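Structure first, commentary second.
For reference, chains read A, B, C and D in written order, and residue numbers begin at 1 within each chain.
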Amino acid sequence: MTATVERVDSSGAASSVKTVASRVRDWAESDPQGTAMREKDFGIWQEYGWSKLWDEIVTAGHGLLALGVDVGDVVSIHSEDRPEWVILDLATVAIRGITTGLYPTNPMAEVKYLLNDSGARVHFAEDQEQVDKVLEAEPDAFPTVTSILFVEPRGLRSYGDDRLMFWDDFMEMGRDHRKANPGAVEALMAAAEPDDVITLVYTSGTTGPPKGAMLNNKNATFAIDKIVMAEGRTRDGKSPHPDDQVLTYLPLCHVAERIFSTWHMVGAGVTLNFAESIETVQVNLREIQPTLFFAVPRIWEKIHATILIKLNDASRIKRVFNGIGLKLAGFIAADRTANKGNFTWKSRLAYAIGNPLMFRALKERVGLRRCRWAGTGAAAIAPEVLQFFMGFGVPVYELYGMTENSAVATLNHHGRVKVGTVGEPYSDIGLRLDEESGEIQTKHDGVFAGYWRLPEKTAETMTDDGWLKTGDVGVWVEDTHIKIVDRIKHIIITSGGKNISPSEIENSLKTSPYIKEAMVIGEGRKYLTALIGIELDTVGMWALRQSIPYTTYRDLSEKPEVIQMVQRLVDETNAKFARVEQIKKFRMIPKELDHEDGELTATQKVKRGAMFEMFEDLVEDLYR
Amino acid sequence: MKVSRKLLVLLFVLGLIAAACGGDDTAETTTAAPSDDGGTTETTAAMDDGDTTETTAAPSDDGGEDMAPPVVDVGIDLDAGTIKIGMLSDLTGAFGPLVTPIVAGHEAYWASVNANGGINGLQVELVIRDTVYDVTNHVTLYEELKDQVVAIGHSTGSPHTLAINEDLQSDGILAIPLTWYSGWTDPDINANLLPHGTPYCIEAMNMIEYITDVAKETGIANPTLAIASFPGDYGLDSMAGAKLAAEALGIEIVHDGSGTIIPGQDQLPVADAITGSGADLVWITANATFFGEVYGGAIASGFEALWSGAGPNWSPALLDSPLADALQRDYYGTFYLSPWGSDSEGMQELMAIMGDAPPTDFYGEGFVEAKIMHEALLKAYELGDMTQAGVTAAAKSLEGIDFGGMAPSETYVGEPNDIVQRESMVFRPDAALRAAGGTGTLMIEAAYTSPTAASFVFEGACFEL
Amino acid sequence: MRGRPHLYVSYESEQSLLPTWTQRVMVGLLVFLLVLIPLQGGIEIGDRLYQPVGFLGDNAWLKILSRVAIFGIGALGLNILTGLAGQVSLGHAFFMGIGAYTAAVLGGEVGKAHWGLGLPIWIWLPAAGLVAALVGMLVAPTAVKVRGLYLAIVTLGLVFIGEHLFRNLTSITGGSQSGRKFPSLDFRLWKEEEPFLAFTSDGPMWPVFNWLDWLFGPWINFPAEMSEEAKTYLALAALLVVVVVLAKNLQRTRIGRAFMALRDRDIAAEVMGVPDAKTKFEAFALSSFYAGIAGALLVAFIGRAIPEQFNLLLSVQFVVIVLIGGAGTVAGTLMGSVFVFVFPRLVQDFSGWLTETVESGGVIGSIADVFVSTGLDDPGLVSTLEGVSPGLNVSQLNVVIYGLLIIGFLIFEPLGLYGIWLRVRNYWKGWPFSY
Amino acid sequence: MSLLILAQAAADSGVDKFVGAITNGLSLGAIYALLALGFVIIFKATQVISFAHGAVAALGAYLVAYFATVLNFPGGALGGPAWLQWTVSAVFAVLATAVVGLVLERVAIRPMIGEPIFSIAMVTIGLDIVIRTITNDFISTDPRPLGDPFGTNIWEAGPISMAYSEVATIIVTIVLVLAIAWFFRSRIGVAMRATAFDQEAAMAQGISVGRIFAIAWAIGAGLAAVAGIFSSVFPRASQGVSAETAFFAFRAFPAIILGGLDSVPGAVVGGFVIGLAESFAGKYMTWSGFGVGFSGIVPYLVMMLVLLVRPYGLFGTEEIRRV
């Protein structure tokens, strides 16, 4: 990877490789005025046209060249989702560099690890907060980093570090470079090879330090072909097209968001709309009314909870209507679940009543009114939540994949939905279940090129016959769909020898709007227990209405009334499971879990190991 | 709190809706009586057809038996047997206290007419609108009335009446002005008006001469005069008359306070000016409230003179006030009507129809206005044309309307100078009469016309508006 | 982007007067109705009379609506000062008077005792606004110095001083309680005798309707003639529409935003670079301009007015319009003026209905009788005999209800009619949630 | 300006005219002071300018007329000389008006606490409209004389000549001003001052702010009624209370602004200054160029001049403005 490729000066050489960057150029040629991205600035959604976007990408590419970025050099991006993220990402790919993204929540120690592990040359730190994570470390902590770009100059004016460079200056430099070396970026892009690594996606690292999965042009092309352009994915059967709107709000460094934002944009020409921040997603959703919407289960759970709470909070007359609407939605959901997500005449009739009554307004308010495809993945989701949305006419299609196979594994097609499964394998890909362990294994062009600088780890993830081991245990459902049991590592084997998948139980608990976190414990124990964290907003509101005074999260968690309520919720969940799978005892988690405190990964997954360490007393208490 | 607020707002809105519906109901339930749009469309249809007479159900009344039913348009419904007369009254404005009893006089008069069979069987209804003595309201309300009444029973205020005068003429609608402005004598102006009573300026001439005579009798050879008034047509018209009279009589006006009595202000400066002039005679044109203030202020500084004032100056309440004694000594009042309780035939009739109503001199004005309208309607019926224009024409041909001695009779045929009213009635305040439950006005001279007034030739208004 | 009412991709679209199609269609319909009102009864579709707003086509209602338009224009002016800039003023009547008498001098006929230049409307109407604005600027320095209730009373003093001036400048105003004739609402080209467009006389349809006739002729029969009331109404309504657009637009401009900043936090606004004195100055000038126009229109509409017309009561009426409607909002101000002028008519109709109910007897009649006094011996809250019988007469009742409404609105619905509208709208907008 | 008038007065005419201007000004000023005092007390406690003050004054005067001349209650029941009977009835009527003030506060003002001051002022305009209309309906066609015992009697001492009623006005005003001054030293008065200073702090100190509001309105209404009485007797308005009485209070606005909205001494001083200014203007500023009725607007002119120099009146406390 560090081998230098001779730079080709003539831009005439036609490239046979379509990279994510060259696709933007194609769009800029075929639809220069079309909208590629929108960013909300001072209350207005400012638009980036294709030609402007391409122009900026080229300029940024020149800027990178001016900074001395070579083929195969790494550019790291540490920022919230914003146009510059995409521009820099694509510019790096254009000059055959490698991008890697960092979660904005990554604390300093992780930043240090990631930058050094990837050996980034240029680091893009959004604002003062992210810049500080680099500059506050010891002077020579980042030996490879030669430039630090930033776009939010506020508070950075007095910083004297030589490596710092304001984005506008960087672009100016790019323009100068472009004037001096016209066509340099295009030439590099033309020379791209299918095996060029374009990005490092670091695994979240629930166990051990993060590993950088290398994805190359071939992987990207495959993913765009399979996922983005998948046949029969949407409600109306049409593949994504330039009229589609996508709300970009999950971290772009995650492979899922990269696929559902950047790759959708370059692949199908959909418009990216950058949410202002995670807090404003609900508002931005209402404004954008995206046609394609991907969210992780946590978000769906949150929307679900908000809807339930708000419906319950409505004025009396509205509550009557809402009650009717919920009944209808429940019926529709049950009916559609039983029919692979299709309507029968009965559910269609119910929908015809419910839609003007409440569904349409509800979807409008939530921002899903125009949604023709909604997806979920990256973690397990409770079927109740999926059914809830299906009842209102927003079928959420669960799909499955992982960074290492460019997220190409299975998906639920419109009209062939099985709730509770992650769907069918994509056509013409290699996917099998390991006969012994039930582990899902894939083999196709999307399978990654390996872990960055970790050949032995790469080898560990591959079977001897070259299949990728996903680490997830699955079972076939009716020979067509796959149901994920759990991560192999998470499967609990009780002292009684029963194999139990905790995720299902946890997800069932998390369907309640009041429960944010649940961790089921029982490895080598006699019975199952759980650590449960409440959702501060909803429980706080509930407490307010019950006139229960509270001060802090911990105080609220430990209120007897709250514990009683949680007990009821646990009982409800227990009713759904077999005896051995029932939770005998639980304890409240006394704090809100946090990425920075190390209890969660950047993708908000609970780090089980860390949890056991941190809440050892509680766990021991459960088995006393 | 929040709920109750919402509830109140809701109730309020419901109330509004109810009110709105109520309004519609009126129009519907009384479709028989032409009101609002129903009436308009009907009548336009009638007009289009030419001189269609609605021959259905001619009222069988002894007076109307041998007469064919008249032609009608707006405001008269022969089927329902009703005549609607509009009233542009100031009920809550500056002259509200004055006009209210006038309207009451009207109502009582028509109630009695209706009780006695109405106008050839047609019952008279008054459509009363409050103008609040505001020209804009006046104009707007006229617009409302003109499509539902046959004539305007009275129109309060000179500028107000002038504001609708052009419309009256173009619409051919008759109105009785409730003001005694001298400008109404002009035939160009009064084409659709029935002025009545003695104009302000004639009234002033009469009284100036009267009190000059009184002063001379008491031994003041060359009495001096101080005058003060409201601004506006009423005050200034009267002041013009006073000045004409003073000139004719050769008496000096030592203080000219024309238009200085401004409502809402302190009147002591006016009183001071009068006092300071040392006049022997004072002529005030205001209303009882402000006359009281000026007069009280003047006598407080020991001023003594012969005081007199125009009709609206007087209120019986002045005799209940501390000024009673001084007023009995100083004041000569005038009006063109005989006061409440006088023994003329007309007044007796009025007192009979007013029943227990608290006494005031202004019922008489209502009575007179109503009587004129009554005559006009009868005449129009007789002529067979009770359209708005027909009533106007009929009214303009009236002669010698008799008020049973309560007011001088009115004629609308002839030269302006011949038909204008020049008589005044002179009275003095009398506490004893007041104590007996009357209005405390003792008539000392009925139908008085001064030589100045008698020989005055109108060539237009005394005071040009 | 269609179907995304909250998605603004440019400031123009976010700040546009009618951002969504629903609003555009609603406003279009409203304007259409406004035009139809005076034509009703005359318009036939097929063989059926089309009566979209029924009774409103009456001449009497047209007069009321014309007044609504005039007062709406004036109230929009006060709304700028009080609603947007937060400067409480009881002096609106004074500025209306200034406008009225400017119009009188410029457009009025020369009388024996009155000045008048007989100039056409397109001179006197703008001039009325300009002169009033000028006087507003003269007054502003005093008004800038004082705030809050002090300002209210200073402006109240202005009305009294104005009344004094109007009373005494007889050659301009015609004098107290007398008044003078004012120019009529005719559109003339220079001093021609024949008006180009006569708003104040009956006559043929305007050319614009001929055009409509040509377009819709086969389906709709437009009347050949139009009454003066209808013409006056249409002229005033058109002017109101223009003024509404201007007023609405003002809120989007720098000046408009400066006004609101001043209103919300005056010192903060100053710190942010909104000059206190200059902004108030502009607010007074703008508001007076509107008042002057409204004053000129009012007197031209009536044809005659007395100086006492421009009194405190008139000012209060404007404040009531603004507050009942909902301060700071154009729609609210319009609702306020409709309410203030239409309401008395409704009360009148209601009491008429009440009286008839009493007379007709029956259960409802006898219930109503408790409240209604029909004679001297009959106690009740409301009397049918004017004046002498116990109880308030209809006019007094009207005034009392008017007063109670002011109180009620301020206590229970401080945002005024607009607040009610907002509440209703939000109720539906929030569906199926409450927030 | 006043100096000029004085100089002119001395040179110009007799002492009588000058003394007349002073006595007239004092008695007029006393009525203004009474009205202003009511305004200020209400304003101090509740931060409200009551535009209904005039209507309440008229109502009070009407109640006096009704109690004293129609019912003769309760004075008639007590017997004794006529003046005593009247006084008892009048006091009773004033108390009745105070109760009305109490009710107004409870019904219309209390719910408005916390609303913008101008909204509350508008509520009082609404109250004015309602009370005035109803009072006028009671007054009916003719003015209502109060039946007061002052008659047209004049008290003379040297160049001074004043009606008994004017003397009474001044005496009653002085007594009431002293009483108010004493009241502000009493427990409730101190509580009221505390409330005026800071409502929340007062509440925290255990002061029932609602009660203070009610008391202030009751006192204000009572003072208005007293002013109503003296503005409806000889020589100012011998014919009694009429529809005009309610408008009298508007003339006291310049007085309160001049003195400062929240200053009790300011109200008294403002009242007398305005009264004297108006009286002197009426007597001396008679040049026709000023126009008819110029004295009526002199108070407003004086007020505006003072405000140009002192935007919070002569004695008013400057509002401390914060962002």
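The rule we apply is simple: a residue touches a chain if its C-beta (ideal position, glycine included) is under 8 Å from a C-beta of that chain, and two chains touch if they have at least 3 such contacts.
Everything quoted here is computed from the prediction, not taken from an experiment.
More inter-chain C-beta contacts link the pair B-D than the other of A-C and B-D.
One inter-chain figure worth recording: subunit A and subunit C are separated by 57 Å, centre to centre, where each centre is the mean of the chain's CA atoms. One simple way to say how far apart two chains are is to compare their mean CA positions; for subunit C and subunit D this gives 35 Å.
Centre-to-centre spacing of subunit A and subunit D amounts to 75 Å, using the average Cα coordinate of each chain. Among the residues of subunit A, none is found touching two or more other chains.
Contacts with at least two other chains are made by residues 92, 100-101, 231, 259, 262, 358 of subunit B.
Each of the following residues of subunit C touches two or more other chains: 167, 387, 393, 396, 399. Under the contact rule stated at the top, the pairs of chains that touch are A-C, B-C, B-D, C-D. Within the complex formed with subunit B, the residues of subunit C that make contact are 41, 54-55, 57-60, 62-64, 67, 112-113, 167, 174-179, 229, 298, 301-306, 309, 343, 345-350, 352-354, 356, 376, 385-388, 393-396, 398-399, 408, 412-413, 420. On subunit C, the positions that touch subunit D within their shared complex are 82, 88, 142, 145-150, 152-154, 156-158, 160-161, 164-165, 167-168, 265-268, 271, 312, 316, 319-320, 323, 387, 391-393, 396, 399-400, 402-407, 410-411, 414.
The touching residues of subunit A, when paired with subunit C in their complex, are 38, 43-47, 245, 286-289, 310-311, 313-315, 318, 321-322, 325, 358, 361-362, 365, 369-370.
Chain contact summary for the complex, subunit B toward subunit C: residues 5, 8-9, 12-13, 16, 18-20, 22-27, 29-30, 36-37, 40-41, 89, 91-92, 100-101, 103-104, 107, 128-130, 132, 134-136, 139-140, 143-147, 158-159, 162-163, 166, 230-236, 259, 262, 355-358, 464-465. Here subunit D touches subunit C in the complex through residues 49, 108, 111-112, 115, 117-123, 125-130, 133-134, 136-137, 140-141, 250, 253-254, 256-257, 261, 291-294, 296-297, 300-301, 303-304, 307-308, 311-313, 319, 321-323, going by the rule given at the top.
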